[in-house]
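After this come two complexes, each holding chain A, first together with chain B and then together with chain C.
Showing the complex of A and B:
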């Protein structure tokens, strides 16, 4: 093990190196650009044997190139931000439908501004990928390696997107422990190309072609079940990482902070969850018992975990860093759907903030905690969903 | 940390973060990006803690303010919002008693520009302030700073930068309480977040465009190429600089087909 003070984007590139990625096809876009620079340095140095680095002519191509590479058995990586992700929309759906287990970093950049919010990755909810949101550079490195193990698990076989905020994380330097390559090799076995998921297909194999005479809905059901398996597989992989490397992030799906004995909880994703921990400490110091649940996996949504948490808290305040105009925040909707059938009704209030890079401060999260606590104690919220 | 693009403030923030981690502390270095260019004011932030830093808002109430640029060192903005008895370390060629910065703060000074010119031959002042930072604040040891510098600048460049660190470690002044307690009302905003067109970027300019209306043929090439929409079109069909919006990049002068725009040096810059 060694360490380096590095920026979030470098942690991604080092994670790719540790995972022994064979093909990276990328097109630069702020704030993702420096990942492509670090990857090209790794390629030029020759320190990663057999590594192919492709300068794609756009995001649509970069996604198609890594698709093909993954299909023939090369562990592959790509990355993008904001509008670049939107340009990738069409092939992303194919990657998931073809059940190709690649990993992509999405360095958040809003769709209305160059500054970060989660509107880019949230706009890709229907593409059939797993979505993991991370908070700091160490978590980026660790999750990049783990994401391959999750994606390549036979119960999953789906691409994984890792989302993290541009600028405040992509360009922020912090100490990162780099696990030894031998240890990572023991954790993550080499990737082998997978046979078609269709049971009746023999050689030559095709990917994404017609489904023959069977039920046309079958691939949808299999895809959906595989995504739901994420809840089990993500927990297994994160537990194994914790045992081997001594670092844990809750159970992988969620990372609770001071939830035990709390009267209510607030939720947040990505860097804002980090900032929220400071607010939680202040709230407890002021005698206000409020916990934080950092949501790491948005797809699949940690349904079982929140159904369990809901049993012991009086209210849940959900923070969304994106807004679907006309429908409010996606995390808010997931949370309400998750808890709708529970016997105990827990009030859920929504907060929308940090859009187009607006800074979310410790004081903002403190107020959200207070407002949620008021509802937990029987008060009425000013509005079911509020702008921060 | 306040500096200008090209002075190495972002690298300095990473060197401090690395030096702190060398001493067993956790750290975080956040750069603040706007529409940056060489010479534009920029800000970077460092946090040091005994445990992993998870908070990620910018540092709004610092304990210490570092200033890498002699002109920015004169701006009250670098001393605002400090915690009571906060420390401000300035790169200026005069003693802290002469600083006009106001507040319940302590000031120390070092002539980092001269040190950088002597040791590096260029006015890149980041490492020439870090030695002073180590000595004056005691936040990190000079040995840790030197170790961190070797990671960022291997070989001869590292040695030159370490020479700058050692020199500023010797030369930094003691802390002196600010003589002015009340800050002036008129202040320049150093916040460069967001787009240049929305902000007053007049303080970025080292050069500004002057139009020779005799030569100008009114073709609007300068107006089309200006990246910040900082030229207005006058009734006589000639361009004029919008003071608030021009960052002094010189694209207009470069693109003018009849060379009717001259970039003139701003007095004192």
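Showing the complex of A and C:
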């Protein structure tokens, strides 16, 4: 174990090294670029034996390269931001459909500006990946290693995207604890493809879109169930990490903060959760009992956790850092769908903020807390969804 | 360079092609697959992208998005290297669309990085999987379903993209053209390319009876006529410079012998045929000069 002050993007690269990634294929785009540089340094220095680093000519190819490398049995990594992720859209569906457990860092950059919001990763909800949003550099490093264990679990076998906010996290230096390689090796066993594509290990098979017999909807159902298994597996993997390395992030799916005894909760994802934490402390200091639930896994959505939380709170204020024009925020929708069938009806109000990098301050989150509390105490919201 | 043609006795007995396959009668690409994979043997991962025909061999097939041929091969080759399994070859069996058009960027990048991959392009000169639409590999005046002949159209108005020379200009170890009508030459080239380290590409002209509209019994004859007329010359280029013309008849046959049996060219006037003849002849002179100088001449 050692410590180093590093920026978020370096934490990603160090996480890849600890996970003993064998193939990385990348294409630079702000604010992800420095990950590609850190990885190229890891390759150039020879510190990660047998590591293949590919300078792809675009994001589409970088996604296809790591797909193929994962298929032959090499643990693989790629990363991108905003428009680069949109360019990857086409092959991304295949990565998930082929059940290839690779990991990708998505350093958030909005689709309307170069500044961060979650519109890039949110636009890929239908691709069949697991989406985990993280808040700080330590969480990036830890989650990168854990993501491989989650992705490669037999119950999942799906790619995992780790989203974190560009600039504010990608380029912010923080002290990070680097776990010892031997300990990580014990935690994360070598990757075995399932099934293997190597000619001496399989009967001839087609990998990818096939013309097979049987119910054509079956792969969809299996894929959906695998994604839902994420809820169980993510919790298991994070619990094991907590035991071995002494750091926990709630239960892996969510990270609650001062929820116990709170009259209501607000939610946040990514770096805004840090801002919200400060607001929550102020609110409690002012006698306003409001908790925070940081959503770590957006896909699968922490349904069970929120169904439990809803039993003890009077309202939920959902913060969305993306907006699907004409359909409001995706987290808001998930939350309402999650709690619709519950016996106790909890008011859910939506807040959309931080789009295109608009700054969200402690004061903004404080107000969101107050507004949610007002509704919890029987007040009417000004509007079901409000722009912050 | 592949010094001599493979003799019939040297041709492996084992068939790697899927039989019965899903191809049409007289499919040139099916012949290309049969000859190619006989030589390459079982120890490879075949990469497929949408193309016609695709389900051609018994190997494990790694499928990728249409534009992903070059990247998919790259990922396999790098993954195999990382795992120490370089005995397994990464081989692509792509069409002209996946090589000349939608797949060009990824293949060009793989060539520039000199990835350790073998690309076999079966060039049937149009998008045959979707019913014969124009591609960058379609020759001038050919009628396709998106180049119908009419008062405003004489078929395709542009010449075929010179893809072997474009890839040679990436300074890759090996580029070759081949024809299903010259199986010994084709197989020798595959055998030679098999064990070269780095980016290798073999372009095989693969007549398509459905798209080119000719008698499916005449596939080999037609392919032969194309080579003998100099429309599809057989050559090899190493490292972007060293050039060798593999088939040099004393005299080229007229292009009309190649064009006439194909209904995709039936609308061509004498003037248009003469234009093609002139461009083929000029190209042939350049190739002869290149062969003599042992270097690429553009």
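Note that the second predicted complex is superposed on the first by the 380 of 388 C-alpha atoms of A that agree within 3 Å, B and C clash if a C-alpha of one lies under 4 Å from a C-alpha of the other, contacts with A are read in each partner's own complex, and residues count from 1 in each chain.
By our rule, contacts are C-beta pairs under 8 Å (C-beta built on N, C-alpha and C of every residue); 3 or more make two chains touch, one makes a residue touch a chain.
Everything numeric here is computed off the predicted structure, so don't read it as measured data.
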item	value
Chain A residues touched - chain C or chain B, whichever exceeds	C
Contacts of A:378 with chain B and chain C, given as first, second, both or neither	neither
Contacts of A:171 with chain B and chain C, given as first, second, both or neither	first
Touching partner for A:325 - first (chain B), second (chain C), both, neither	neither
Touched partner set for A:50, first chain B, second chain C, both or neither	second
Which superposed partner A:66 touches (first chain B, second chain C, both, neither)	second
First (chain B), second (chain C), both or neither touched by A:271	first
Touching partner for A:261 - first (chain B), second (chain C), both, neither	neither
List of chain A residues in touch with chain C within their complex	22-23, 25, 50-52, 54-58, 60-74, 76, 90-91, 94, 197-200, 202, 204-209, 211
Chain A contact footprint on chain C (complex, rising order)	42-45, 47-48, 55, 58-65, 67-68, 70-76, 78-85, 88, 105-106, 108-109, 112-113
Of all residues in chain B, those that touch chain A in their complex	13-14, 17-18, 21, 26-31, 33, 52-58, 60, 148, 151
Complex contact set, residues of chain A against chain B	3-5, 135-136, 138, 167-169, 171-175, 271-272, 274-275, 277-278, 359-362
